[in-house]
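Below is one structure. I have some questions about it.
Which chain is which? They are A, B and C, in the order written, and residues in each are numbered from 1.
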Amino acid sequence: MADLVQRSVSRRTLLKGGAAVAALGGVSAFLAACGSSSSTPAPSAASAASAAASAAPSSAAAPSAAGSITFGSNYSDPVPQKAFADTMAAFTAKTGIQCTINTVEHNKFQDTINAYLQATPDDCFTWFAGYRMRFFAAQGLATDISDVWQTIGANFSDAFKTASTGNDGKQYFVPLYNYPWVVIYRKSFWQQKGYQIPKTIADFTALGDQMKKDGLIPLAFADKDGWPAMGTFDILNMRLNGYDFHVGLMAGKEKWTDPKVVAVFQEWAKLLPYFDPQPLGLTWQEAAQKLINKQAGMYFLGTFAGQQASDQATHDDLDFFPWPLHGTQYDSEMAIDAPIDGFMVSAKAKNLDGAKAAMEFLGSAEAANTYLATDPNDVAANKNADTSKYNAFQKSSATIIAGANKIAQFLDRDTRPDFAGANGMQGFLQTFLKNPTQDLNKFLSGIQSFYDSLPPQ
Amino acid sequence: MSSSSVPSAPPAAAGGASPSTGRKRRKRFSLLTRRDKLTLGLMVGIPAFIHIFLIWMPMLGSIVLSFTSWNGIGGLDKIKFIGFKNYENLFSNYPPFWPAFENNLIWLAAFLLIATPLGMLMAVILDQNLKGTRIYQSVLYMPVVLSLAIVGFIAQLMYSPNMGFINNFLVAVTGDPKWTASGTAIDWLGTPGLNFAMVLVAAGWRHVGYVMVLYLAGLKSVDNTLREAAAIDGANARQTFFRVVFPVLAPINVVVLVVTIIESLRAFDIVYIINKGLNGLGLLSVLITNNILGEASLIGFGSAMAVILLLISIGPIIYYLARTMGREAE
Amino acid sequence: MTATPAPVGSRQVVTGKRQRPHYFTHAFLIVVSLIWFLPLGWAVYTSLRPYGDTGGNARGYFSIGGAYNFNNFVNAWNQADLPLHFLQTILVVVPALILILAFASMVAVALSRYSFRFNLALLMLFTAGNLLPQQVVIVPLFRLYLALPMFAPLSDNGIWYDQLFGIVMIHLAFQLGFCTFVLSNYFKQIPKEINEAAFVDGASVWRTYRSVLLPLARPALAALATLEFTWIYNDFFWGILLLRTGDKFPVTSALNNLSGQFFTDNNLLAAGSLIVALPTLIVYFALQKHFVAGLTLGSTKG
């Protein structure tokens, strides 16, 4: 019950009734102090607040509306949740702007983003870079924060700025961190078995054969939830056909019926004997357990797989390398998926100044340092962030990302959401995994005609 | 709505309004005070408004939207009418549609041809009032009070390749560890085709008890003298059931038939909790839901599927209304 | 149709002279019952054992020995925030039950005891509405919930979406159909003289409903309450569709958000499932009579 009360208080009272409370004098001094260090009161401040403020003799009440923001967060797992709470606490300490974080379970947040942004968005929200960001910007559901980028721009490389830019050339996004999709393995186990990191796909299959002989599944694999297999498609497409083709395909400029795409699935079919043969009944968590329990030799996933290590020693025993090279002209690109997570301001933000102040803070090295101190599984997007405290896991991630000349986001972040969803690519990739020897031309023309049937955007 | 309300003769006595009682009512009607008429109007009006507003209006909305294209963003002015395009795409360019449609039919067939007869059989056996009938009945009925979401979890406890009951049982019986080993274990919920059959088993686990209880209630209302008469005429148990008891159960049969069809079309929870209807577990209900929940909704497209579902379900609903209320309408 | 059918199976079959022992039938029933009980029994057994004794390279799940305790239940209770979600369930079930029974009994009385021009049509509308698959209406309904305004404290975001209030309303709209149907059949069986007597005494329509008819319907209301409790408690779909904030999910819908260890630890999953299943099982065993009566009330009427 306390939780309920607290939530309703935080949502409504803080925003609209806050001024009234302030007028009663209880916290007016405190709020006045906060207000003084924040930017000027937003004209868009809740009408209730300004009405209360004008009725109240105390002028200190007015800034209190500008002195608080709400933040919709999908950082629902315990570690990221705490890391983000710490970060926003640092923001409040620095600016005096109160921040209420409304956390929603990760998948639910994504599934309902559309309704959320239209109906009752918070001032700011957590989101992803890529098409996924540009889509909502183009639909008018996000606020242009180019002015914030004037201040924070120096903290980010051009690649991150591009990833934060909408179709109209304006910035809508502040990146916090990214993480690479890599082949993960257990160091001690490989030492014991004498395995070497495969550089080429030939090394990879040779290693796979050896692992099979040793009674292991060479590559753990899970696709019950439909999205993990996208990572494998991405990397194979980028290795075989290059980053530009991949991005073009995602954007609908290239066709799925292109023989180049057929080649990707043929290559995948050839490699499938090294994958876990029953991926469709497994979640990525279960697949990661197979790696950790030494039933599988490798696992290709985002570095978040490390969360499945139950203790520090196991986590420290995990290491990883980029997907091997396929001997094509695109090898030098060293392209990878390294999805960027970050923040946006909703179009309906009630406290725009407060929201932009939050964006500015989140674009600072201090914010990145604070976040990663609690959640050291990712790499800061901010180039001025403190890397000296990186653990081995983060250092490897940073090296791999730095070594990649082309960085994609992820299939479901790089293409239109209705195409990537459960009724689209998730299902198609499972259809392929069910029957990899099927008529690929027919399979791919099915994908293309589905894409073509989607309404123009 | 309150224009012509009068106390009515209960149909239990009259079986419906006859012309004579109608006249009597109209006389009575004038006796009701304005306040009573208002009361009656509100007693029916408020609930009817809620019901129509939240169910029938959206149903009509589904039909209208099925001819439009809209990504669900922006105002209603963004809606474009595109004729039957959604239906064309649904039938020809939407690979998940036909498998889901087929799954709904298989679900229906499995429930009608296997689960329902099994429930009926259990009812007939338990109707004999053997010792311990209450216990058997309770056990068979227990799954019915569980939600299909819980049934989905319990199914996973049974089917999980490494940790589930079935595969571990096979190891214990055969002594061969291959049944739970990666690669050789049967993946009951991950193998397309097989997984849908296993879902049906789990859902059937629940449906059998439901049907059983409905039939038990019906059997109880069968007049015993009928059976005795049949027995005296030398009919055996089977003949008695099919020629004497079953025809008397006709009203129950209607209910069971409709309940079975509607439950089959509504099925959602169990596949959604297992894997959101991916990998061969697609059902129309899940496809519709996925088109609304999701980063980009295809409102028109989802509505077109909703209309298909409506068309399938409207037949049984009308049949049911005709059978249960037809007599009163006469 | 009777108000409270005697427990199913209580009638003695008089088969007279041809009473044979039913060994085969009993064997069949025992086998079927064991199969039917197995999944729940297995869940109970699994839930009582620590993961360490069963998972990984330990004894395996199909084994005896090791520890037996309630730790999994404690962990599931805490890790899945079950107390919070049970509270949300109560906040949905209680108002929904009261509103459904109140409104349905009003409509049922009006339609069965007084003659409207459209009463049969209305009854058909209610019944048909109850039978529609939910997915037929969800697309516009979802938009409606985003657009409809609602004031605090029923809504903390100003609309129907993501509010327990909205969940209560959709249960109300759908379940009104079933309950109206059942109750109107019930009221039709109450002799008309009761109405007439009340009328002669000068009782208003409301008083007749409130003080005369409603008390008479108590058995039917009890049966429906039992049944509706189970149905609303078990609802998974509306929560998934119409809620967003994790803390607001009623317990059954919250199952969809189980994460982390629940994916890899079947013992924990078993305990969590059983905790959520427990209230309906208790209601079933405690109120079996009402439960079965509720189901058959709506169906045995020909």
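Criterion: a residue touches a chain if its C-beta (ideal position, glycine included) is under 8 Å from a C-beta of that chain, and two chains touch if they have at least 3 such contacts.
Just so it is clear, the model here is predicted, and its values are computed rather than measured.
Across every pairing of chains, the maximum count of C-beta contacts belongs to B-C. Comparing mean CA positions across the assembly, the chain most remote from subunit B is A. Subunit B has its Cα centroid 40 Å from the Cα centroid of subunit A. Our note on geometry: subunit B versus subunit C, Cα centroid distance of 14 Å, whole angstroms. Residues of subunit B found to touch two or more other chains are 72, 291, 293.
Contact of a single residue of subunit A with at least two other chains is seen at positions 112, 115, 118. Touching of two or more other chains is recorded for residues 142 of subunit C. Residues 1, 3-4, 7-8, 11-12, 76-77, 102-105, 107-108, 112, 115-116, 118-120, 283, 285-286, 289, 293, 308 of subunit A touch subunit C in their complex. Residues of subunit C that touch subunit B in their complex: 5-16, 18, 22, 25-26, 28-29, 32-33, 36-40, 42-43, 46, 54-55, 60-62, 103-104, 106-107, 109-118, 120, 122-129, 131-144, 169-170, 172-174, 176-177, 180, 187-192, 195-196, 199, 204-206, 209, 230, 233-237, 240-241, 252-253, 255-256, 266, 269-270, 272-273, 276-277, 280-281, 283-285, 288, 291-292, 295-296, 298-302. On the subunit B side of its complex with subunit A, the touching residues are 69-74, 89, 92-96, 161, 182-183, 185, 187-192, 195, 275-280, 282, 287, 290-291, 293-298, 300. Only residues 110-115, 118, 132, 135, 139-141, 217, 224-226, 276-282, 290, 295-296, 416-418, 421-423, 426-428, 430-431, 434, 446, 449-450, 452-455, 457 of subunit A touch subunit B when the two sit together in their complex. Subunit C meets subunit A in the complex at residues 56, 84, 87, 142, 146, 152-153, 156-159, 161-162, 244-247, 257, 259-260, 263-264.
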